[in-house]
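One structure is given below, encoded as structure tokens.
As written, the chains take the letters A, B, C, D and E, and residue 1 is the first residue of each chain.
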Amino acid sequence: MELADIAIKFGLIIVIFLISLVIAMYSTYAERKIAAFFQDRVGPNRAGPFGILQPMADGAKMFLKEEIIPANATGFLFIVGPSLAIMTACIGSAVIPWGQSVTIGDRVIPLQVTDINVGILYIFGVVSLGVYGVMIGGWASNNKYSLLGAIRAASQNISYEISMGLSIIALLMVTGTLSLGEIAQQQHGWHWNVLYQPLGFLLFIVCAFAETNRTPFDLPECETELVGGYHTEYSSMKLGFYLFAEYINMFISSAVMATLYWGGYNYPGMDFMGNLLGPVWGPLFGTFVLFMKIFAFIFFFMWVRWTIPRFRYDQLMDLGWKVLIPLAIANIVLTGIVITLLK
Amino acid sequence: MTVSILLFLPILAALLVLLFKNETAKHAALFFAVAELGIALYFLSGFVPDASFQYVIDLPWIQDFGIYFNAGIDGISMVMVLLTTILVPLIILSTYQHTYKNARAFYALILFMQAGLLTVFTALDGFLFYVGWEAALIPIYFICALWGGQNRIRVTIKFFIYTFAGSLFMLVGIIYLYLQTPGKLYDLHEFYNAGLDAAHQSWVFWAFFLAFAIKMPLFPFHTWQPDTYTEAPAAGTMLLSGIMLKMGIYGVIRWLIPNAPLGFLQWQNLAIILSTIGIIYASLIAFNQKDGKRLVAYSSIAHVGLISAGIFAWSVQGVQGAMIQMLSHGINVVGMFFIWDIISRRLNTREISQLGGIAKVAPNFSIAFLIIVLGTVALPLTNGFVGEFLLLKGVFSYNIWFAAVAGLTIIFGAVYMLRMYKNVMQGETNQLTAIFADITASEKLVLGIICVLIIGIGVYPQAILHISEASVVKLVRSVNQNFANSKF
Amino acid sequence: MTTLIIISVLPIVLLYLGLYKAQKALLPVTLIGLLAALVTAVMQWNSNAQPIYHGMMLFNNFSVAFSVVSIISTMLILLLSKGYFEKISKHVAEYYAIILFSLAGIIVMVSYHNLTMLFIGIEIMSVSLYILAGIRKNDFASNEAALKYFLMGAFSTGFLLFGITLIYGSAGSFDLDAIRDFVVTYPRNIDPIFYIGVLLIIVGLCFKVGAAPFHFWTPDVYEGAPSLITAFMSTVVKTAGFAAFLRLFSACFITIADFWTPVLLAVTVLTLFIGNITALYQQNFKRMLAFSSISHAGYLLFAIVALGAASANSVFVYATAYSIASIIAFGALILVRQQTGSDNFEGFNGLAKSNPFLAFVITISMLSLAGIPLTAGFIGKFYMFSGALSQYKVWLVIIAVVNAIISIFYYFRVIIAMYFRDEERAVVIVPAYYKFVLGFSALATIIIGIYPSFISGLI
Amino acid sequence: MGSLTNTIQAVPLNHYILLSTIIFSIGVMGVLLRRNAIVIFMSVELMLNSVNLLLTAFSVYRGDASGQVFVFFIMALAAAEVAVGLAIIVMIYRNTNSIDINVLNRLKW
Amino acid sequence: MELQSLPVNYLPIIFQMLVALGFVITTMFVTHKIGPKRVTGDKLTPFESGIEVIGNARTPMSIKYFLVAILFVLFDVEVIFMYPWAVNFRDLGKDGMIEMFIFIGTLLLGFIYIIKKGALDWD
């Protein structure tokens, strides 16, 4: 790889990194605003116009707060926990194709950090690692609420991971590849996978909610039972990391869902638009479309949060094991039969 | 009519005896044993005293290893078969005065053992020989351990381990020989033709020798014997001394020397020396025995030492002497143990020093005892004489000094036997012996038959010698031929 | 293949029977299923089998014979299980199912034709056994047995796998034929890593069959596990282990025997001595059987040390003899333990008076284990000795003979206790199932002892 | 698979063997030296994973996929072992409140 | 046409990890430096809704969680087998599909079994 390539990659990485941070920050703002909207309140409105600077203020506060490590906690793991959580959240974006390649001069710049042939497995691996952050943090706190929260988180994540994996398998049968870049290309125009895999998408989105510990599956941090769940003992930036990780995860899973099922950067009439806007702005418009889809998903996440009440733990597990897994398997069988018949 | 009927009848009989009640089992056992004797006599009547094997059965058994169910009778075997079939009914009859608990098992085991013994004496297949060898061991182990005396558990396990150890080495030898046979067969004659060189034969010799020496028993492998004889029930002792130790002697004649003639040649001296040491050693110890049964046990070692010395000298006279002496010794020793069984059953002691003057109260008993003693000390016109004479002649032709030392055994034997007789039977009666009752009818029968046999064989030994002569001559010649060939 | 399918489906059926509370049907269904498997296995006989499923499995006479003996032994053991598991826990169906899963693994082990299947077979069997060793959940010994077995088993799997990997690395295939071709074609330039692989496989398999110096888990596991499971482990599992061992070595490594024979020789001698001498000092019958099973592993190794055309046959006969004799011993142990509550030799005192039949079959079993003629055990030892002698391994046989003599001491201890030690005791109740199994096994022991052509010469 | 093979083959096979052997030995040492059942268990898993690594390397060098398929089997069976092993360890823990294998000496070695 | 991945394709992932790690360490370090530190004993006790802390938090927990974990391990690994199959689904054709359906069927049998057995009931 040439030096220029490396520089471009680094640039892309940093841009994506910053974008995810910003989106995560403003997701907190959006969450509050949306919550306020649903509850017929105003929401944050002091810092800046419409409270637009509120995330900045929150961030600054995180930096300035006192850092508490409880006496009984396992110091090293107590720090590792949140760090791991945010790290895994941040590296997931590496394989997501943000758009078609941009051609500047004779240099083709792919809008994807790297297109590896096991992209989906990579995402899964990273997501699975995420639970370690929660688990380690909760265990290191040496607090009963934290431990319970952590165990719940672990148990819930792994439960839904099975159905997530199974729902993806049906998709793979359709696409025949594990590379996200290729999957995105296949959905050129309006050939979105959601049309072929509606059930699969449904399963996937439910699992995505559970994996990101979002309501209605936010048992690990359920305030009414567990105070703060796994991050009860956390303060300052370490708490910030956990909260941040949640929003980044939400962003990444939205991106993954959009890419896998909703066509990614593809949109009907993209060839026409591509010709119209040229080799630089055409792909970038696709990227814009992708982000619109992502924002829609993020909005959906929030909408659900403020609409649907939290599950009970047994309901949560029942849903995961007894409903989603059989459905996912049925989906695989159905897909298999249909594809074989149509061939 | 093949020899198989002789082998399977006792097994069948053993199973049938188990079905009887404990009280009647002995009659049934006696019946079957006599029937077996009848068959043996029938075989004898049709027996042609040449060197061939007769009444042969030869069935495939485990074919992938070249094992056949191959058995037959030649002159040597015939004598052994007679020995077994005569003694077993006698032994069963001798137990009539005892009431053993769980008697049917006892008699079944005796019959089962008889099958094993007969298998050993007639087997022409190495594997069959080994199987019979072990099959005879298990019942006698149980007989001794179940119905024996105080120390039976320790003593019998020692006995078992000794003999089993020896026989396992023999098994190794047998398998080894099998692998060397040209036709990959366990057949006896194939073994004779295995054609090993002298060094390997010497290993084979030891593998077999260990088993036989322990069984006979030859000094220094004899340590299991006196204890076992003492602890075993009377019938067990008779079986052991009368028949079982002949397995070892028979094995030497049939399996050890012809199979490994060159190996034998290397160790012949040692074997005779051991035998001779055994004679002297056992005689000396017998002198000091206070327990009558133990005395007989040691005298038995001495006699066996003479027999083995005669065989190891390997001449026609020696082996012929061994043949007849095996029969005679079997009869005598059974009689001797029966005498002691009678004494210990009546008086609850076997201490010679406590006894005396029994002749006065039990004249019939004393006559029988005297005849048996005379037979044992080899007085002319008793059965012991012929055998010992021939044996000594055999040893003499090998080496005069061995013969001289071995000859001592006759004198030694006479001394301690007659002294025993004097101490037990003559003199004044004491409190203990005054109440000694003379022998009952069944005892009379046993002792009578024994006395008749002792005198009968003594007067006309040719009857027995005739049976085995041709076979012995052939065997000795073929081995000597081997010696001769090896010189070149 | 049908055999394997039946044995794999059967446990699933059992699990569902257990779910629907059909406890009564469990044993009959198991036995009928196994019988069907047995029939299909026998029908495979002499069918001139070719490797199937891309050379993964090969159901030739070797595998049929070992499958049959495994299935029969399992059936006998399961017959002993009537009422046994109910006392331990209410999940009876699971126990049957796990035993059958283990049996399925065993069938794979005796019929593999690819190292992948060897590994899978061993693991299916072992993982089931880990569970079975620990089914007495509240019994500490059982727990400990399970953990020890598990850790040691997993550990040995590591060695086995590393060995397989190295062999794959140099031979380039997992297929037995391909490996053999590799060894035969390039005898001069076989990689050293191939040899290391062979050694590691030996280590792994010796662990599994309980050969010294990798035997140390055996006594504890055998003692701690419930007797019925121990019976299964020491008979069927051991048989299968040796079948697998033999299949691999006779198919692939026979031409480089000069390399691994010394190693196995040392293992054999060590196994014999350790098994026998430690068995001498045991006060506990079950533990004695455990050590004796180590020593029997030593005898079974003879077949591999003296690898030849007759090896398969010897292992088959020996393993069969050993299995049925052990089944008797364990069956009797279960009964005696139920009455006296202990596994010690004293528990057998005076048994001959109260239970002549039981004492008699135990005697047969002990005689067979000790290798006395006219029992199957003797025939097994005879075959082993013949095999070793035919390879001129005379010293090995002498050592084995010495060990056979040592073994008399501890086997006869039981006989002595039963017949010669008087003790007033109540009659041990022998249920009809037990009577059948014990009687059948004793009869089989004697029949094989008298007429071994019955089963020998098959393979 | 050509280019991938070339790249992997840029590292000599011996290095893979060496690395795997080292990892394997670490696992063996862990099993032999550590006293905590879980740690022993993890050491065993380490051994299995070193095997996986080596199998993959061999598989690529040989251009033969069966090695990688074997890895799948190892993973699956390792998972089964994990399941059973954890269950056993939990069972022990509930009975003794310890997972130190030194308490497991009620049955003598 | 299958996509080829070279080790070099994974390099950006390492870059990204480094960037993330850098971010985490810097942020941690900065907050550590600029945050106030007024440590008191009570502040460092675990939060237990204001009452005295009783015992250690690391006590045995419900066996159900272990069960879920073990079941996850089993099922997740079985799912792994389906990935290669799913990717090559079209090439494997009908036979491949039937074989995998048998596998799935077996898996499903086990799944139904554990559900019926109540392994997943949280009461």
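Going forward, a residue touches a chain if its C-beta (ideal position, glycine included) is under 8 Å from a C-beta of that chain, and two chains touch if they have at least 3 such contacts.
This structure is a prediction, so every number in the text was calculated from the model and none was measured.
Listed here as common contacts of subunit B and subunit C: no chain. The fewest steps needed to get from subunit B to subunit D, moving only between touching chains, is 2. The minimum number of touch steps linking subunit A to subunit D comes to 2.
In terms of the distance between Cα centroids, subunit D is separated most widely from B. Put simply, the chain nearest the middle, going by average C-alpha positions, is C. Each chain's centre was taken as the mean of its CA atoms, and the one lying most distant from subunit A is B.
When chain pairs are compared by their number of contacting C-beta pairs, A-E comes first. Per-chain CA centroids place subunit D at a distance of 20 Å from subunit E. With centres defined as mean CA coordinates, subunit E is found 82 Å away from subunit B. Centroids of subunit A and subunit E (each the mean of its C-alpha atoms) stand 15 Å apart.
Inter-chain spacing, taken between the CA centroids of subunit A and subunit B, is 96 Å. With touch defined as above, residues shared between interfaces to two or more other chains in subunit D number as follows: 80, 87.
Annotation for subunit E: residues touching 2 or more other chains are 4-5, 8, 69, 76. Interfaces, counted as pairs of touching chains, are A-E, B-C, C-D, C-E, D-E.
Against subunit E, the residues of subunit C that register as touching in their complex are 12, 15-16, 19.
Interface residues of subunit E facing subunit A in the complex, by the touch rule stated above, are 2-5, 8-13, 15-17, 19-21, 23-24, 27-28, 30-32, 34-38, 41, 43-49, 56-58, 61, 65, 68-69, 72, 75-76, 79, 82-83, 86-90, 93-94, 97, 100-101, 104, 107-108, 111, 115, 120-123. Contacts from subunit E toward subunit D in the complex involve residues 4-8, 60, 63, 66, 69-71, 73-74, 76-78, 80-81, 84. Touching subunit D in their complex are the following residues of subunit C: 116, 119-120, 123, 127, 130-131, 134, 137-138, 140-141, 143-148, 150-151, 154-155, 157-158, 161-162, 164-166, 168-169, 172-174, 193, 216, 219-220, 223-224.
Of all residues in subunit B, those touching subunit C in their complex are 61-65, 127, 130-131, 133-135, 138, 142, 145-146, 152-153, 157, 160-161, 164-165, 168-169, 171-172, 175-176, 178-179, 203.
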